[in-house]
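Take a look at the structures below.
Look at the two complexes coming up: chain A is in both, with chain B in one and chain C in the other.
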Partner chain A sequence: MNDGALLDVRGLAGGYGPVKVLHGIDFSLPGGRITALVGGNGAGKTTAMAMLAGLLEPDSGTIRYGGSAVEGWGSARRVAAGIVLVPEGRLVFPDMTVEENLRLGAINRQARRHTADGMEQVYAQFPRLGERRRQSAGTLSGGEQQMLALGRGLMSRPRILLLDEPSLGLAPMMVDLIFEAIGALAAGGMTILLSEQNVGLSLELADRAYVLENGAIALSGSGRDLLGNAEVRRAYLGL
Partner chain B sequence: MEFLLSGQLLVAALIIGSIYGLVALGLNLIYGTMRLLNIAHGDLVMIGAYTGYWLFTLAAISPVLAMLAAGALAGLTGAALYFGLFRRQLTGSQPIERIEANSLLIFFGISIIIQNLTALAFTASPRTYQALDTLVRIGEVSIAQSRLVALAVCLGLSAAIVLFLRFSALGLSIRALIQHRTASRIVGIDVDRVQAFPFVLGLAGTLIGVTEQISPFMGFPFTIVAFVVIILGGLGNLAGGIAAGMVLGLIETYGVALTSANLRSVLIYGVFILVLILRPEGLLQRRRLT
Partner chain C sequence: MRLPAPRETVPLLLVAAIAAILPVFGSDYYLGVGFALFGWIALVQSWTIVSGLAGYISLGHVVFAGIGGYVLVLTWGAVPVWAGAVLGALAAGLFALLVGLPVLRVRGPYFVILTFGLAEFAKYVVINIENALGKFGRLILGGPQVETLYWAMAAAALAGTLAVIATRRVRLGAGLAAVREDELAAETIGVPTVRFKLFAFALSALLPGFVGALFVLRTGYFEPAQAFDPVISFTIVTMAIIGGSEDARGPVLGALFLVVLSELLWASFPQVYMIILGALLIGFVLFAPNGVAGLLDRLRSTGGARAAT
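Moving on, here comes the complex of A and B:
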């Protein structure tokens, strides 16, 4: 057990039925910090995220959050407790308006009474969403959808944000905007797990990072250390 | 051809259409939220009709009250089916496509069981009953009270369900579930709790104690009609389905008036096939590029 960690994962293993993806991984998220989970395609980052969010049942392993073991909790309970996923591919509700999507972020009972406040904060962070509040989410650009997915996550009043590939498929300007928002959240004390293909950017931002290879942790260290690591530079940064 | 312009025919079409709309709304909710293909949907309409029949025949209970009883009974049946049969499957890790295929077979079985148990209990011969059959005159149109009640109940209930889905938090969750199951779980919707509602609500929609002719096998045509309507309106598009019910009611009534009652099924299947060929995403569904 790692003292001071808000979330602590030990021996997490499992996958999709007979397809075993994770083979027992350990990592922990210190409160108020950005932790990065990097690795190539198919390494198992999204799978790990899904297990943390309660979308996928692991075969074995423990997940401790604060003082409690959350393995048996369904996704609804985890969201209510503050573990919130912003998924890969955004998964906004396409035929609902921006505003309805945000309201759905705050659908759990604890967050629901803060719906109005939360929406104001999201619109302040992303004015483009405010301008498009009555537009259906399916008609937004990819970048705007990513803002919406992030905003929807924030509406749940998270204590831990699981960000799965927030910059995937976005133009550089939009990537900057999203990462700026992530930086601001971290500065405000949010605990973040960031999974990214954009390894350079996420290692720069992360206090601590884990490199996932074929479902196992191959390396870990501070973001800065890994940025300087020859193997990481060769395999993930193309240097 | 003058009779085509009569108010009488129009009212008849609206009554049929509103019944179709409500029955299909239930099917649409159940399919939309859980991807369960409820082939037994029409059989619950039949159970509702028998409830009305027996309550009236044995206890002289007015069809208006009987509708409430029928709705409650169908709702309870829905809850029993959900918690007894489908809940475990839906909360398990099976892919939703497999559940969809399984549900078709399970409901097919349920349908046959319900029909045959009913036939065993009440014989297979059709029955009719006369309740609320005084004619009401509105202008030049005269309608039986019972049909007027059916129209009011169907329209009222459809509107109430749509408003509930539009404006309540639970309604928002149900619509979210229809659009994207995984995203619904991600935002923390308690899917297991939420999807029990459409089941109960959807089947309660079968309360219309259709007063014409009652038989154990009257349900299947309703199932077919309900599928035609939700395909017309677009799967999962609830308000569209109600409008599509009206459209089908008009097509059927005027089509039969122009040709013959024997062609009713041909008309309905014809519409079904035409829509599937020409606009498989539904007549009233917006086209989306993605």
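Moving on, here comes the complex of A and C:
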């Protein structure tokens, strides 16, 4: 296990039945840092996220969180232990109000006690959600829904936030706003795994990054180093 | 402790008031109507736990009533009457636990069809068992009096109403609401979806088992095609559509509406009754998808808005 890693992944492999998406990837998340998992469509980012969140059983590999091996834990147990996924496509509950969505974020037993505090913190971080607290989530803009999904994730009192494609389909201004919020969370000590197709922005924000290609790690390094890497610049940044 | 909301007090008071008033007339007819009404309320409330709160629409809820009735006749004479009825409820709950794991893996229309098929399957299994045993209907002699059955069923209706109210208040209810809206999202926020669905399914089977046992006690005989009659499942869904299934009000309102309507029309105009029922169903599905309870909410909110301006 790497020094100071809160989550450590070794040889993670698997996919959907006969379709193997990941072919044994290694990475680790240092506490209080942003780690980015970047790559194109179909590289396996969402699959890796689903395996970390306990939504998809890997064929092989180990996931160590703190001192414990979490493979075999269901998603509910992982959320309660502090591993929380904000899924791709946001998946807010469209017919429920903003407030109901947030309240449900705190459904695990540990977080439920802190529902009121958590809600206050989320509204402080995203005042726009506070303004729209009685509005149903389906009527929010894409950016607001992403804020809500992030806020709902925070309501679970995570130690590790897994953010799957938070910028997907958002207007550039909203992307900036969301990335700013992610930066602020990390500055506050949150451990974050950011999976993104927006490679440039993610590398700028991330302390460490892994480039995923065809289900394997092609490159890794600090965000800054990868930004300067000729291959990354050509393949992902179009420079 | 939160203060009880009207959506909680209204159905409870309604059931209690009807239960208290009907015996005043002192006629078996009213007790019989009340017995049926409370039976339906208990069935629709139970159905609401899994189909209303969690959104898994069961079209085979009669299977639990049928099992309850069958267990009652099987244990008839061997155990006291009420123990037989309770055993019926437990057997129905156990059955739900056993079939729930595979059945609750499918959603939407597949779940609807699967529950319907399961109930039909159970019906024919029981029919074949009875045929093999050479039994063509079983008589139950010396069951409880109408008035006793009436109170037992009123208690079941009250228990069903309380079950929906309680479920909505606790973590289970919040989790089921998340499952209904988006099951994958529910899983990502940490709802133990499999466990919650299974628990809700078993919970929604217990009272129907008891109700089915009381139905058999009331008619005085058990006949599988009648005890497992799919029309009972359809009626439960119809009542839930007409009354609403978001909270405990809908089942009470829906059952009350349909029982009163059928009492008024069935005897004299059976054809007209079915036509009116069909028209009502279409009307509710199209214009009031949350049933009478939803209509009341809408009236109140527009009334409130008007009062505010």
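By our rule, the second predicted complex is superposed on the first by the 239 of 239 C-alpha atoms of A that agree within 3 Å, B and C clash if a C-alpha of one lies under 4 Å from a C-alpha of the other, contacts with A are read in each partner's own complex, and residues count from 1 in each chain.
Please note the rule applied: a residue touches a chain if its C-beta (ideal position, glycine included) is under 8 Å from a C-beta of that chain, and two chains touch if they have at least 3 such contacts.
Given the structure is predicted, the values throughout are model-derived calculations rather than measurements.
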| item | value |
| --- | --- |
| Combined model on chain A: chain C and chain B, fit or clash | clash |
| Touching partner for A:Asp95 - first (chain B), second (chain C), both, neither | both |
| Partner chain(s) touched by A:Gly138 [first = chain B, second = chain C, both, neither] | first |
| Partner chain in contact with A:Leu201 - chain B first, chain C second, else both or neither | neither |
| Chain B versus chain C as contact partner of A:Val79, first or second or both or neither | both |
| Overlap of the chain B and chain C footprints on chain A, listed as residue numbers | 53, 55, 74-76, 78-80, 84-85, 87, 91-96, 103-105, 107-108, 112, 152, 156 |
| Contacting residues of chain A [partner chain B, same complex] | 17, 53-55, 57, 74-76, 78-80, 84-85, 87, 91-96, 100, 103-105, 107-108, 112, 138, 152, 156 |
| Residues of chain C that touch chain A when the two form their complex | 171, 174-175, 177-178, 181-182, 184-185, 187-195 |
| Contacting residues of chain A [partner chain C, same complex] | 53, 55, 74-76, 78-80, 84-87, 91-96, 103-105, 107-109, 112, 152-153, 156 |
| For the chain B and chain A complex, residues of the former touching the latter | 93, 169, 172-173, 175-176, 179-180, 182-192, 288, 290 |
